[in-house]
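Here the structure comes first, spelled out in structure tokens, and everything after it is commentary.
The letters A, B, C and D name the chains in turn, as written, and every chain counts its residues from 1.
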């Protein structure tokens, strides 16, 4: 039985509110025993990993480099793709569902791939793409996670 | 000196107007000696290749399979990636500029990657993404191509 | 601090001796707190994951599909690349060192990538490639692991 | 009808004999109307492209960068993968058959992928891998090409 996973995506240059939201989401995912999968870098990716570690969770970073040097300090398992931005589809494919917090073009590419793959995508202050389930509070993100996993 | 290239992206299930537009764009690109790069499949991709061949042009399909079996009949050069949808960034990276005609989530992922890479993206009846130069007639697409290449 | 990882590579159609060796290696890696990274499928990949789980370890499968349907039952964390065999370099890049047990052309491609990336590669009854450290007993594999991690 | 293609692989740091051989192979492929596909860089890749251009042929470089800056001056069509060495399988998948001239670990990874994909691989002073058809003169390389395409 493989572990539960959620892919969390968002900008590498998060503003304070995005960072706090990702921290909270990371903490809550970890409390539920869900592995955090993300791009492993700064901003939202760092915050969600940091939050997960604060709650004793496990974090996976799908990195752009071959040597993992772009990982934030809260990544437990470094997946070193060496593929630069072409690693984006792997991030969303590796989460059973996807949470998008803010984000720029990289996040947009990930949202698009998540929808190609038929994933549930919960969006918080992110791109207005049809097919994304937009929510307006951090608590609602978790409610959607709980509903997805029947928790 | 490498050849001039334009990446043309859009839905594999184009409607008639999108198909006609892509045919026209293909013909016009070929007349200018510009190589058409696309995903190599059906819909907009097929139309732009067909148009280019009608004008004696050269077409490149960045395919999802290892054996090129997903190519439309108008692809001259099959690039067989074997990577499924993960080949999308390669399509846009291989055009000096990008033209988007209609399109669904796959096209959205390609637009996002084109913008990550700082490409000029001309959009015709496609996703309303900030950074895309939206035009409302097929002729304007070509005007933007001519302006890009100083033709 | 990210976790220690070893990539274990080998044929998806292992013979009995290869399977037993991979089981043993998996068990021993897990006892040392080292995460097993592999291609996530059958044969050597399955055996090393099974062994790791028997010792309470953690296993990561870098899978060929988008949906993880090719994972063996002992993969904890499914990395769904959707890239078919193009995922091979990611397997070896994600291990701090690499162990090859038997193997056919897929394993050969992974050995080549590991050497491109300058990884330590320990080989057991595998391709005779210059640069691989060939050993002749399962115990020696572990000795090389211990030496690599200063255990 | 797509064009005939041969993937030519070999070291980016070719010695003089390898360079001359690749030049000759490029010239001869071009004379037969066969498109040269390669990794687009220096050494054997440069030589085969240069040879092909001398005979008026067409060359495709499957490049490691997003911007094509690693292309040699004889690449007509730049396929910009942005995937670093992970682009290797695309090179061999995009040739209907494969010619290996010399080469180091990168070439070894490409030979392995060509064999995974069931391609005919002709090797000249390259890795001794089972499944490769080894020849000992440049003329024999072309004889194998002619036989493959029934020329």
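Heads up, the rule we're going with is that a residue touches a chain if its C-beta (ideal position, glycine included) is under 8 Å from a C-beta of that chain, and two chains touch if they have at least 3 such contacts.
Note that the structure is predicted; figures quoted are calculated from it, not measured.
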Interface sides of chain A and chain C: same vs different residues, half threshold: same
Identified repeat of the B-C interface (over half of residue pairs identical), from B-D, A-D or A-C: A-D
Greatest separation from chain B - chain, by CA centre: C
Chain A and chain D, separation of their C-alpha mean positions in angstrom: 40
Interchain centroid distance [CA atoms averaged], chain A/chain C, Å: 27
Length of the line joining the C-alpha centres of chain A and chain B, rounded to whole Å: 31
Residues of chain A whose C-beta touches two or more other chains: 66, 81-83, 85-86, 89-90
Complex interface listing, chain D residues touching chain B: 1-3, 5, 35, 60, 62, 66-68, 71, 73, 75-83, 89-90, 93-94, 117
Chain C residues touching chain D - in the complex, by the definition given at the top: 85-86, 89-90, 105-106, 108-109, 111-113, 115-116, 129, 131
Chain A contact footprint on chain D (complex, rising order): 66, 81-86
